[in-house]
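Order of writing sets the labels: A, B, C and D. Residues in every chain begin at 1.
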């Protein structure tokens, strides 16, 4: 089933807004996606007909909200082919999911002398937590290098994954380069050494089918707001056995079994990790986003983006932009970073904004990768289900204008 | 939020300073050297100051960044060279007021710098325009 | 300006829902409040016209979302009379706010031999984090006792607040007893010893004027969902000086200044504590909730609840219910816990639910307090701006019915 | 979610067991003693079991809780006393199936216990009804 972006676009009320009289060309979905009517309406419906705290109360309204929340958990489990909803912890987003693993699993398991491996292309959210952890624990943080074309140096794996490595932290799809990393290969390598792998699927989950068993991931994180869902929600998937062994993250209501004055016992997973009143309406909204993406089909989503990415790469090359990351669309997603000679990315973004085009300029939360690429900043256009060739064409026109200003 | 046309932002004098920056490069010897950046966008600036008593006798900068940050830094070096610490600080404060949308004070004194006024309509670019000036204010505190 | 709950009620779409043909009598606002149209519509407006990631991008849509988000921060600052928006950190809710203080401030400042003081009436969210902290650090957790009428034993302060006490953690209003605690007196006592005070305002903020300067609070936490705002948002107020000194909480995007391979420097407060994509739409919704409460006036809210609480206490006493907590409405809010002889709270809640009445039964996330009161569970009716005398009357009728079942 | 009337939940036999619980109190001597609770609502149960080989010859309980949890525990003690471990386990599993909305199996064997069926319509109360049975299942694993 192929996806027609002009039809998809109609589901997104924001595209009825015109930017200074022009068509809104939103090319910043790697940053955050727009929300379809189906998701917005589900949130409204929750507040208007189901709103109550979950798990805690015996009245019917609370049964409705609990069913909606736990239903969303089951949808998320299904979305990444997780074996059970028990392995799905709701969080605020990828960043919190990763920090949860840091505070809970890693503080208990990573010791002085151990190593944690990240890659040179990680988002700050999958780098800074591991800096903080290794600084605190006396472990060593290592960085798997990236080639000039933006691929992981898999040839160096033997040096970087050893019996000292306790955890490998890797993005499934890079938010700067678009690169889809060979996560399964990394998983096999670290599992052979008895370590674990955490997969940052913030960019992958919205754009391609993700299967935790195929990846053999121990932990996997993603964010609602990048995949048509509301802000303020996300998921940490963890193997049940790991979640069961891990100490709790936050202390508070709901995550406990019994509380005494000076100690407590914990609720079952995943509730052990969900302290206090959760982001109920947001989890429900994320469930609706999963339904929405399922209705399009994740294979169709991926196919549409591959086609459009190929077109955008071709056009960018034609205007002489320097594009970072792989050129083969089989190996990459639709986040495309580039530089245009003589025009700073910031100026580029300001100028195309005048044409109603939203792109991002900066370091994209990946300063070490910027240093590796030898640029202080890049411009990035990122594609999603509602983007069309016309959007790419408008961007190209705007880029030509920008070149004009600084010619 | 009403935008002006781009001509208001990219005035000729700004583009000129961007294309041909003044006082660009290291200043040796110098009394003060400061490195500052704009974490959101990656703009980087190195500022060199040389004093004779209270007088700012040398100013130069190095850096990478967008047209607004580089042009603003370039214009700044031209304007503050020769001023004393107090005057330089007053000028930096005027620019900051202008960027906050307030009246900058004596417009005549600012001269070309008034061309930065268009930036006010582009809130995210204000930090670019101020990178040089904020670095200067810090540097002035270090007058030997 | 006095508040007419029948008018207020019309702002809340959920009251158009009938529960099994009956008027919805929602008496569980201490658990979570219902949401007015003004808040729901603001969230929809955000997603339909402003949705973009904040701080990161240069295009106009991102300027709108940043303005909305930072505007909400300023509203929250104003709401608790905080000196500056810089002292307002957005979180998921009270529980996360408190755990943030635990992970960031307390891990760095509480050592073996130090003491942390909680009270016997704290919610699990203001107790369990301190159990975990003191267990990890080797500090001692102490519990300020409660009198039989549900007041803090202020006469014992000299024993409980000493130069060993580094932090006092206290709720401003109890979610079980309704008690309004003399927080300022506790603040003065701990400040005299050089320690800090953390105020759990989860129950107070929605129901009465709160002023951090008057309380002289060092930290203060509250939740959006209990004060007409969306789920998934909350606030940690912290003194600027403290926030500046504290190490970061989560590592990730936005909270950094510069990231190198093995270390990083931090953004300014409050951004240092807001890693990754925040709950943007929820913060904006909380801002709308603050506006809504301001339009009613927090003094009017408090006055309405005092009057209705007095009425409910009178009626409960008349049916022979055993009410816990202070009987003087000057000293308490509208969360009313009670037991009815021979009828277990659970049965009570199920039976009144048949009449469309939502009350809560259980330990209300305060198991140690339940032990202190000598009951395994209580029923709790809690009042808010949309509750009327009629609601109380319906509850009373339902209670009589319940007694009938178990007579 | 359609609710039945309260008569479906609070059947006379349930109210009877709640008012006059059977086999309530400590059982001494006993082979197994288990304390379990329902963390969400604070219901507490202590279960005592006495075996003769594979046969459950003594069952008693102590506890505090709502009518459903206490009546269900009381009915359970009556029903399982005299059964062997396998039979008792089968009965507990039947009840759990019934609470999951499935067919419990041989209804005749359940007898009075069928009156618990009304609980299925009150999802939050299912945990109450199962507190005793889940505790029993754990206890049966400890047969000496």
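Criterion: a residue touches a chain if its C-beta (ideal position, glycine included) is under 8 Å from a C-beta of that chain, and two chains touch if they have at least 3 such contacts.
All of these numbers come straight from a predicted model, not from anything done at the bench.
In whole angstrom, the spacing between the mean C-alpha positions of chain C and chain D is 38.
One simple way to say how far apart two chains are is to compare their mean CA positions; for chain B and chain D this gives 78 Å. Centroids of chain B and chain C (each the mean of its C-alpha atoms) stand 46 Å apart. Residue positions 3, 40, 122, 125 of chain D are each in touch with at least two other chains.
Among the residues of chain C, those touching two or more other chains are numbered 20, 56-58, 60, 62, 256, 258, 346, 350, 361-362, 367.
Interchain contacts give a graph that is no line, ring or star and is not complete, per the touch definition above. Of all possible chain pairs, the ones that touch are A-B, A-C, A-D, B-C, C-D.
For chain A in complex with chain D, the residues that touch the partner chain are 55-58, 60, 62-64, 256-258, 267. In the complex of the two chains, the chain C residues touching chain D come out as 20, 344-347, 350-351, 354, 361-363, 367, 370, 376-377, 405-406.
Across the complex, chain C is touched by residues 13-14, 16-17, 19-20, 24, 26, 28, 31-32, 34-35, 40, 43-44, 47-49, 51-53, 56-62, 92-96, 98-99, 102-103, 123-125, 127-132, 135, 141, 143, 223, 225, 230-233, 248-256, 258-264, 275-282, 346, 349-350, 353, 357-362, 365, 367-368 of chain A.
Of all the residues in chain D, the ones that touch chain C in their complex are 3, 5-6, 9-10, 15, 18-19, 40-44, 64-68, 122, 125, 128. For chain D in complex with chain A, the residues that touch the partner chain are 1, 3, 37, 39-40, 122-125.
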